Amino acid sequence: MSITLEQAEKISDTAKQKAQEINVPMNIAIVDAGANLVSFHRMDKAWLGSVDIAIRKAKTARYFDMNSGEIGKLSQPGGPLYQIEVSNGGLISFPGGVLLKKGEDIVGAIGVSGGSVDQDHEVASAGAAAFQSL
Amino acid sequence: MSITLEQAEKISDTAKQKAQEINVPMNIAIVDAGANLVSFHRMDKAWLGSVDIAIRKAKTARYFDMNSGEIGKLSQPGGPLYQIEVSNGGLISFPGGVLLKKGEDIVGAIGVSGGSVDQDHEVASAGAAAFQSL
Amino acid sequence: MSITLEQAEKISDTAKQKAQEINVPMNIAIVDAGANLVSFHRMDKAWLGSVDIAIRKAKTARYFDMNSGEIGKLSQPGGPLYQIEVSNGGLISFPGGVLLKKGEDIVGAIGVSGGSVDQDHEVASAGAAAFQSL
Amino acid sequence: MSITLEQAEKISDTAKQKAQEINVPMNIAIVDAGANLVSFHRMDKAWLGSVDIAIRKAKTARYFDMNSGEIGKLSQPGGPLYQIEVSNGGLISFPGGVLLKKGEDIVGAIGVSGGSVDQDHEVASAGAAAFQSL
């Protein structure tokens, strides 16, 4: 089982609404169970450099079946996964990548970039939560 | 002047409808005047390898302000732009990348991949035409 | 539905037997439905440069849901997909990448490299045929 | 002298059994004396992002003739090999890459990724130990 475009659009819409609510223009990417891109949206005035980061956050989350920020806790100097970010053509290990799950099944991930990492995570989480009720 | 996400969504929607009409699942990418990604949609069952190609077609069109297939006419063996495809991290020089214009102003491009190049061009052109009337 | 490691091993084993039969050491790669690597085997004395090619052949087949050699027919100078090989970080568009199907469902692909393209295709096809009866 | 595919399969099998014993699905890569891939196996449900990491761990170990984690001790901020990970297209400098030796001769390396670095190292070491008695 994986994610459909229709589902991705709804997830992305919910994330966009949350971004508007907190008044931060965001880049929003969604990947499927195979870590391949399903949808991407850059809100007006969102950072250009965050196009790539949003996509990488989504991929990073699915690559390791955990939210992207969990990787960053482990990849600090002296940490067990120090410099893991050079793998897979470039990972993003700070918050904003969140798994998309149906029950226990991981079917994709959402990556958000454009604000503080807390804001990115909040917006991504809103999208992921919406998926649970689809 | 550039393209907004709202405009990109309408262009993409029109392209998607055309793709459904001809019954070919497509990858649809839209870039702005700066050749930066605004939106991307992969329709269910569209080719995974066309994610990258759709995005590159849109960028290629905006990079040279002509439809992607025009580049391919010039990049053949013996042609004036032979092997230009290795530039810019990889260009796609066959049809499916179409400029988005307002009057004479180029404000972005749409790239479509998933069918034959004629189908890709048809779907991209449908999206570009929709933009004229937005 | 995708391919398991156990299935990949059986497919790879069958391909290896075919390679031994025709007396050509091969590199054999298998990817799943998401185009992610499941298994790889380099037979003794197989070409080192074919490690990368075998993996890319498998990915190319799954990226476009057709055997890799089909792409090459379309990517020749003057052809509709000329230079498509620069996409996706590098495609291999000659024979040796073959789809793995269960009925009509595409669940992965096998890529073989080490001999002539006809030999590569023959070995890949033997692996793919074995999968049908698993 | 280098490693044969038959040897690589036995090493990989032993590593896989250890992975099953500790109940962590792993990616297991083996490279030869030339740091070229000989075999790769992704166990069902093992992390997709660890495909790349397992291969890089094996290469990193053989590139510098020491277990991958030894590099990480030297590459920390202020350390003598700070940022060495950006070389060679990306090194992985945390544990899980272990040398394959016959007596004093280094004939290859095994890289494992999918669990904690301690688990990765344990599984890689089980594979390397098996090689000693082949």
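Order of writing sets the chain letters: A, B, C and D. Residues in each chain are counted from 1.
In the analysis below, a residue touches a chain if its C-beta (ideal position, glycine included) is under 8 Å from a C-beta of that chain, and two chains touch if they have at least 3 such contacts.
Just so you know, these numbers come straight off a predicted model, no measurement behind them.
At the chain B-chain C interface, residue numbers used by both copies make up under half of all numbers present, so the two copies contact each other through mostly different positions.
Centre-to-centre spacing of chain B and chain C amounts to 29 Å, using the average Cα coordinate of each chain. With centres set at the average Cα position, the gap from chain C to chain D is 25 Å. Averaging Cα coordinates per chain places chain B and chain D 42 Å apart. The multi-chain contact residues of chain D, meaning those touching 2 or more other chains, are 48.
If you sketch which chains touch which, the pattern fits none of the simple shapes: not an open path, not a single ring, not a star, and not all-to-all. Going by the touch rule set out above, the chain pairs that meet are A-B, A-C, A-D, B-C, C-D. Contact residues on chain D toward chain A in their complex (touch as defined above): 47-50, 52-53, 56, 72, 75-77, 85-86, 90-95, 116-117. By the touch criterion given at the top, residues 32-36, 89 of chain A touch chain C in their complex. Contact residues on chain B toward chain A in their complex (touch as defined above): 4-6, 9, 34, 36-44, 48, 51.
For chain A in complex with chain D, the touching residues are 34-35, 59-60, 62-65, 77-78, 80-84, 86-89, 91.
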